[in-house]
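Note that the chains take the letters A, B, C and D in the order they are written out, and that residue 1 is the start of every chain.
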Amino acid sequence: MSRESYKTALIVGTGSGLSASLTRLLSRQGMRVAVAARDTDKLKPLLEETGAAAFAADASDAQAVAGLFDAVQQRIGDPDVVIFNASARLRGPLADLNPAEVQRVLAVSAFGGFLVGQQAARRMLQKRRGAILFTGASASVKGYARSAPFAMGKFALRGLAQSMARELSPQGIHVAHVVIDGQIREAGREDPPAKPDSTLDPDAIAQSYLDLLRQPRSAWSWEIELRPWVETF
Amino acid sequence: MSRESYKTALIVGTGSGLSASLTRLLSRQGMRVAVAARDTDKLKPLLEETGAAAFAADASDAQAVAGLFDAVQQRIGDPDVVIFNASARLRGPLADLNPAEVQRVLAVSAFGGFLVGQQAARRMLQKRRGAILFTGASASVKGYARSAPFAMGKFALRGLAQSMARELSPQGIHVAHVVIDGQIREAGREDPPAKPDSTLDPDAIAQSYLDLLRQPRSAWSWEIELRPWVETF
Amino acid sequence: MSRESYKTALIVGTGSGLSASLTRLLSRQGMRVAVAARDTDKLKPLLEETGAAAFAADASDAQAVAGLFDAVQQRIGDPDVVIFNASARLRGPLADLNPAEVQRVLAVSAFGGFLVGQQAARRMLQKRRGAILFTGASASVKGYARSAPFAMGKFALRGLAQSMARELSPQGIHVAHVVIDGQIREAGREDPPAKPDSTLDPDAIAQSYLDLLRQPRSAWSWEIELRPWVETF
Amino acid sequence: MSRESYKTALIVGTGSGLSASLTRLLSRQGMRVAVAARDTDKLKPLLEETGAAAFAADASDAQAVAGLFDAVQQRIGDPDVVIFNASARLRGPLADLNPAEVQRVLAVSAFGGFLVGQQAARRMLQKRRGAILFTGASASVKGYARSAPFAMGKFALRGLAQSMARELSPQGIHVAHVVIDGQIREAGREDPPAKPDSTLDPDAIAQSYLDLLRQPRSAWSWEIELRPWVETF
């Protein structure tokens, strides 16, 4: 049994602490890591800590995403691993939602996932090797009231991931979707002592992503879900 | 037990014979029916046969959809029933897809569903009564290889429908999603004698839509699926 | 489009009002109806009202179920429609459950479904025609805490129904599973005025069963779900 | 982030190579491992290799399972980890199945899972700590034609696992269900060179079980699925 050992990674989208945890964990494995976000200013401490490279890009813009992959290729080489974490959320009664904002949620959460997944696949297909991970949420499998746009974006991303897994797995590319069912703990925040570990520690999530990346191809997961022990589901 | 009895209906999207079958069946129930499509020219025989009203509209354009509902309201009154059948499909290896075409699939299949659903909900919420049906496909629950955009659009539409059902059902509005798992028979086409009824008769589908519309509110379905007896699943 | 028109029905299991509602509705359609239960004494008023025939049988006993189908065949002919409503429930913390009672739940809810389904299938396969409906519950698709045995029984019954649908549909036999998500209203009980129709009217459920039975084979459902408009899901 | 570190494990059911791979892997982690099977004779080489303890027990017999846990407790202490691998399979046209054999499949695959899970839970609840893993199959989520009994048993086991996860996770016990979608490679067998890794290497599966066991409680999976890269799904 030979476990996978990838050398380079691109992480798209930041916001929650998950991308930072992933950057740290993959860097500690000896991988060269690139991080892409619309605004890279806030990433400076992370870059200094990990040596990761940062790129500014709008994941919902086809040209920008193609340019991002070119830039990453020049800096650290084509990524063996691509992780798509970007998403946008919009809540409210259906009748009150602003269509332009709904369109934006779909553009970032779903179309952005397609653009990043396509660029990743094009490069990985040449070597018939690599891994593409998509970050889902409770809303990926359950459409909550007053949260239609987020459900649309996350359901669509799951459909993309499943279709890509069916198409690309037999070509050597591991595609997986992670349903994160609960709130991710923010840096500096603590869970109440009466409910320890009631939010998802982003370092714990990152570890499960690494476990996925190391699965031998004879036993790949296309979907796993993660939730805190005390989460109602 | 009082079965629902709606008076007016708007059917959005044509192409397969399903919209035509629905127009005929609902008209025969005594309902006033409006049909919306981007191109209404081909609808003439159906309009003459059924007396339905036709409206030209692009379901993915927020202004156009708002205008459509205004026009329908003036012609037949606010629709008690709204059925969203529009969708766009795009096949091919993921790496070869044209991003602009993928965007178009999402706009028609998912964002269009939101626009139509929102306009319908706004009007129905005033009376706390009505039904909104969305037409899904096998791809609503299974992402097939080389069919990522269609899976994205159909998964998103299902997420929308589920979220709307959770939000609007307790306000008196029946929201349902129909997974059509198989090919809809085209007008004038026959199934091979060795495989009779191996495609879905659009009249049979329409009957199940009517069954849904007539469900009393104490026992509503939010999702049903339909497939030919000989379909592999 | 030819809608199905069955002549004879066997309904197995009583308790909730669903079997009574089905007996009434199918009888009113002109069908000859047989009802089977472990205890048929309480069925007298229903039999007088509808003219249905009653048979005592333990659905979890292979000999008894075979004998039931023989007796039904002699009285009303082989049933075109068989509906399995029997189930047993057991609640409590997992650690406190009595294994013998858990075994009983599985025997009635799952093994009984197999026995009835098998006898039905054997007879229907000769004519390549008929319908077999299984009654599920919320627990068919969601395993609730402190309700493991019921989840086991209902998940198993759903697995049976799905497997039978895949095997028997192409042989002309319609197999369907109905997920009833909510409480069925008991005879003589009323919903509170502030929450009308918050329980499922068994007559409304029965209507959806009849709708299923009348689906043409070009567009069969294998699963539908039913819940009250105000039910949280 | 503190990863779980369990000391003792009980693995129930052997047959495929998965139990052997788990025994080896958990032993290598320094855990004391017990293995239970109806026939322990064939386990001798594994016991000599790993130092694991073997126990003869019929998992579908309540007394025997209680006795097993007592015996394990005396030999290696109460198990921190319990893995249920036992199952029985039966194929054939529904009409031809022998009811007694169907009952046996349910007894081993589902009721046995309950008995083992209950004994495990009783002991773990005292420490509010431990992990219980159930081995599922493609048939856990899809009922295939001519395989109704296996679908019944595996659906039921999944319902049990989900119910247990909802009940026991908030009490500190990690319950997880693994859907193994494909054939497990048998010892000594090789995949054809044209389709390398087309069967699941049991060592690879075991690694994912260990990954599950090491998840911190802030991010537990209750279900993952595993399949070979080339498997159609």
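In the analysis below, contacts are C-beta pairs under 8 Å (C-beta built on N, C-alpha and C of every residue); 3 or more make two chains touch, one makes a residue touch a chain.
As the structure is a prediction and not an experimental result, all values here were calculated from the model.
Each step here moves to a touching chain, and the least such steps from chain A to chain C number 2. Distance from chain C peaks, on a Cα-centroid basis, for A. Between chain C and chain D, the centres computed from C-alpha atoms are 32 Å apart.
In chain C, the residues touching two or more other chains are 166. If you sketch which chains touch which, the chains form one closed loop in which each chain touches exactly two neighbours.
Each chain pair that touches appears in this list: A-B, A-D, B-C, C-D. Residue ranges of chain D in contact with chain C, taken from their complex: 62, 93-95, 97, 99-100, 102-103, 106, 110-111, 114-115, 117-118, 121-122, 125, 139, 142-149, 151-168. Within the complex formed with chain B, the residues of chain C that make contact are 1, 3, 166, 169-170, 172, 174, 185, 197-201, 203-205, 207-208, 211, 214-233.
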